[in-house]
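These are the structures in question, set out in turn.
In what comes next, chain A is part of two complexes: it sits with chain B in the first one and with chain C in the second one.
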Partner chain A sequence: MSATLIPGVRHGAVERKLEAIVEKLRDAPPTVKEMERARELVRAWNRYEEDGVTAQGFMIGQLEVLGSREAFPHFIDRVVSVSPEDVRKAAEAYLVDRARTTVRYLSEAPA
Partner chain B sequence: MNLRPERVPLGGGGRVLFIPNPASPFVSFHGSLPAGVAAERPGEEGVAEFLSRLLLSGTETRGARQISEALEGHGATLEFSVAEDLLVFRGRTTRRAAGKVFGMAADCLSAPALPVKEVERVRAEILTDLGRERDSTRDRAERELLRLVFPGRHPYGRDSKGDEEAVKAIEPPALLEFHARCYGREGLILGLAGDVDGGFVTSTVAKSLHGLPTRTPVPPAPPPTPGPPSTAFVDLSHKSQADIAIGRQAIPRRHPDYYALDLANLLFGMIGMYGRLGQSVREEKGLAYYSLSRLRALRSGGSWSIVAGVNPGRLDAAMGAIIAEVDRLRSDPFTEDEIETGKLNRVGGLAVNLERNAEVAGALHGIEFHDLGLDYLERFPGIVNGLRTDSIRKAAETYIRKADCSLVVVGPIGRRTFSL
Partner chain C sequence: MTGSTHWVEHMLFKGGGKLGKGDLDRLISRVGGKYNGFTDKDWTMYYETIPAEHLETALFVESERMRNAAFDPKEFDAERTVVISEREGSENQPEFLVEEEMWGTAFHVHPYHWLPIGYKQDLAEMTRDEVYAWYRRWYAPNNAVLVLVGGFDADRAVALVRKYFDPLQPESLPSSRRFVEPPQMGRRDADVRRPGEVDYLEVGWKLPEWAHPDIPAIVMLTGVLGGWRGFGLAGSGGRTACTGGSSRAASPRTSARGSNSGSTPPSSRCPRP
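Let's turn to the complex of A and B:
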């Protein structure tokens, strides 16, 4: 997650907003509407990522590193079969405070 | 893949170029209106950019959220940006959703609502960008160089965002006046690639864009007047890196020397580890974090420049090494082997770039904007391979000369000054 703050906004205020979004994801599964939109987006990205041999080669390479390139034709089916509860559990397992690193950039330029 | 696009005229002066790619499941588009920095009148500095950032913030019939959710729902993208000559709109969509996406693009272009809250958001965003760039040694050096190279507030030398004073003063009436004058079908160019054909362009794309009004043609930027080489040195004492920018006015895209200079620039500061420049200054001497050269050939003029990021304690050595490479073009001109490698890179690079729809759409847009001809992509290998060695060497000697260049150094330099 990243954000560029407009002048006068404090980092802490934005971070609390972002934390609230993550917390909501840990506590409750996404709605059916949210899931449908996400699935449509993944389908679209997948179509776009198949554009050109470079992108296809890159994706096959990534899948091979992660397990097997054989997953390539089934990638979309696996993503689409993810349930709302799967998403909540993933958020609960990985989007946790103890694993978080935060970088705040503050310009040192004279005002 | 077929490399010769078809052209479909839009009523009111617009044109669409397209190349079908039957293997592709979607459509990429790259379009423009002559509503860039060059279209701004005195007192309108920053208006083109400001307006472009508001185009997705709502129209007379759609709110910003509606636009965003509709695009997302179709898995489509649409973005607007401003450059020296043009307002650019580009994105991608499935063929099925194309009518809605192009309709939305036309709506954003023809009827932006300019809500007060969004105007203030954009103002804050641009002021933040200006502040961030003012604090970046590289951005500041490049910006200052363009100001020196294109004097007299020429559009090619101005920051598209304007300056802080201008941004603070921009109000909706000025945005609406610019919009009424510059946003129309006249001069609209659109490149399309992917799941397209003539019927689709006529029935879906042209129909959607027909809602744009007709306008009086916007004149192109005047040819820039060259100024004398000059210098600027900016002390940013809190920084740990210094950036050098060296450059001059060069040539417009349609100039007969364009291809020879493009190849010379490729060999000098781009190919591989950034050409001769990168090989010497960065790789062999270790004097720069990066060093490269750049040719920008626009409609009415252009620039050629070198940029380098260096350790402030080694500024003099880095500058000496850069100038030595410039001078070497006369004592040790490009060899036949170098030139052959450059030609292979350029011709092969075109083939690689055209593997993706977005790049094809961008190339078609460029072909129409610069009037290069529908057979340009087919002719390109012949143009590059037909360049004579002496013409490439001559272009390097003519345009890559320190005597014509301005110099900018930005970083923790105190009151130091430098010269080429």
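Let's turn to the complex of A and C:
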């Protein structure tokens, strides 16, 4: 996740907020409304990836390199059929401190 | 040497074999086509989008530069300035500096440690012969994927592919070394300090490879974080904290409980005509 901070806001405040969001996702599945919103986002991302022969060629080529081009036509169906509990389990399994890296860009006044 | 593949990309637009310098424009742009190339962490890609009746032209171009790029020494030296300038231009962007630090901090062993653009000291010292040897070793039909999309006749297309690519000799590829990032043992943090007026933050988590059964749930998780939950970042302690935020998931080729991150590797894209 990335964030551009409003001047005067410290990184710690944003990180604490992010940690609270992640913690909540690990503890309880997303709501039905959130899931529907996420499905819409995923469908929109997918639509951009399929827009025109150039984008389709990029997608097919990249997936072939990744090793699973054949899975692509059904991939979006698998994504949108994920349950809220699946999302919670994914957050619990992967959004963990021991696999996390945080990089802060701290702007300074010119010397 | 970091940055080799990206530098090759620059050289493959400069002719060689039956392609003269400037032929790409003559052959493709003048029939209403467009072309470009870009280099990412797991692949380098070249493409033409061209009217279907000119499919043969695109296949000719790609087969020719797959093995016969000239790598003229003068052109190579001139391109050193271009590649270094491209890197220096990126260094003016906080997002680039943070991305470079993210991959460098998250991956200690795996080549995801560095970005496709490469380190400046490598770009300053790399020789034409080193980059040419890299090109000859890896740019071969048995190490490439050819994708055709569009409204062409499939049988004719296959015949044309055979015409242009069958004569290309395969290369003896070195056995594919599998880099495995050791398990991360704890949270990692890094700061980047530069003159400027805006602060920026990235947080990444390692993810499994693309074919892993958890990937669909992770994509939905990214959607949830990029939806209302993510917007929650805009209200922190009763006031706005961020002007913009995003969540992304990328799942590159190699496995990764040893090799992946929650942020998309930036491609090295070069604007071309």
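Convention: the second predicted complex is superposed on the first by the 105 of 111 C-alpha atoms of A that agree within 3 Å, B and C clash if a C-alpha of one lies under 4 Å from a C-alpha of the other, contacts with A are read in each partner's own complex, and residues count from 1 in each chain.
To be clear about the criterion, contacts are C-beta pairs under 8 Å (C-beta built on N, C-alpha and C of every residue); 3 or more make two chains touch, one makes a residue touch a chain.
On a predicted model such as this, the values are computed, not experimentally measured, just so you know.
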Chain B and chain C placed together on chain A: clash or fit? clash
So in the superposed three-chain picture, is A:T4 touching just chain B, just chain C, both, or none of them (first/second/both/neither)? both
Going by the contact rule set out at the top, does A:R39 touch chain B (first), chain C (second), both, or neither? second
Task: Using the touch definition from the top, say if A:R100 reaches chain B (first), chain C (second), both or neither.
output: second
Who does A:D51 touch here: chain B (first), chain C (second), both, or neither?
first
Just to be sure I read the superposition right, which of the two partners does A:H74 touch: chain B = first, chain C = second, or both, or neither?
neither
What is the contact status of A:L18 with respect to chain B (first) and chain C (second): first, second, both, or neither?
second
The chain contacting more residues of chain A, comparing chain B with chain C, is C
Clashing segment of chain B (vs chain C; choices 40-48, 346-354, 364-372 or 382-390) is 346-354
Check: chain A residues flagged as touching chain B and also chain C 4-7, 37, 41, 53-54, 107-110
Counting only contacts in the complex, chain B reaches chain A at residues 24-26, 28, 72-76, 92, 94, 121, 124-125, 127-128, 131-132, 134-135, 194, 236, 238, 352, 355-358
Contacts from chain C onto chain A in the complex sit at residues 42-43, 45, 47, 49, 94-95, 97-98, 101-102, 105-106, 145, 147-150, 184-207, 209-211, 214, 216-221, 223-230, 232-233, 236-237, 239-248, 251-253, 261-263
Chain A contacts chain B in the complex at 4-7, 37, 40-41, 43-45, 47-48, 50-55, 107-110
Note: in the complex, chain A contacts chain C through residues 1-7, 9, 11, 13-18, 21, 24-25, 30, 33-35, 37-39, 41-42, 53-54, 56-58, 60-68, 71, 75, 78-82, 86-87, 89-91, 93-111
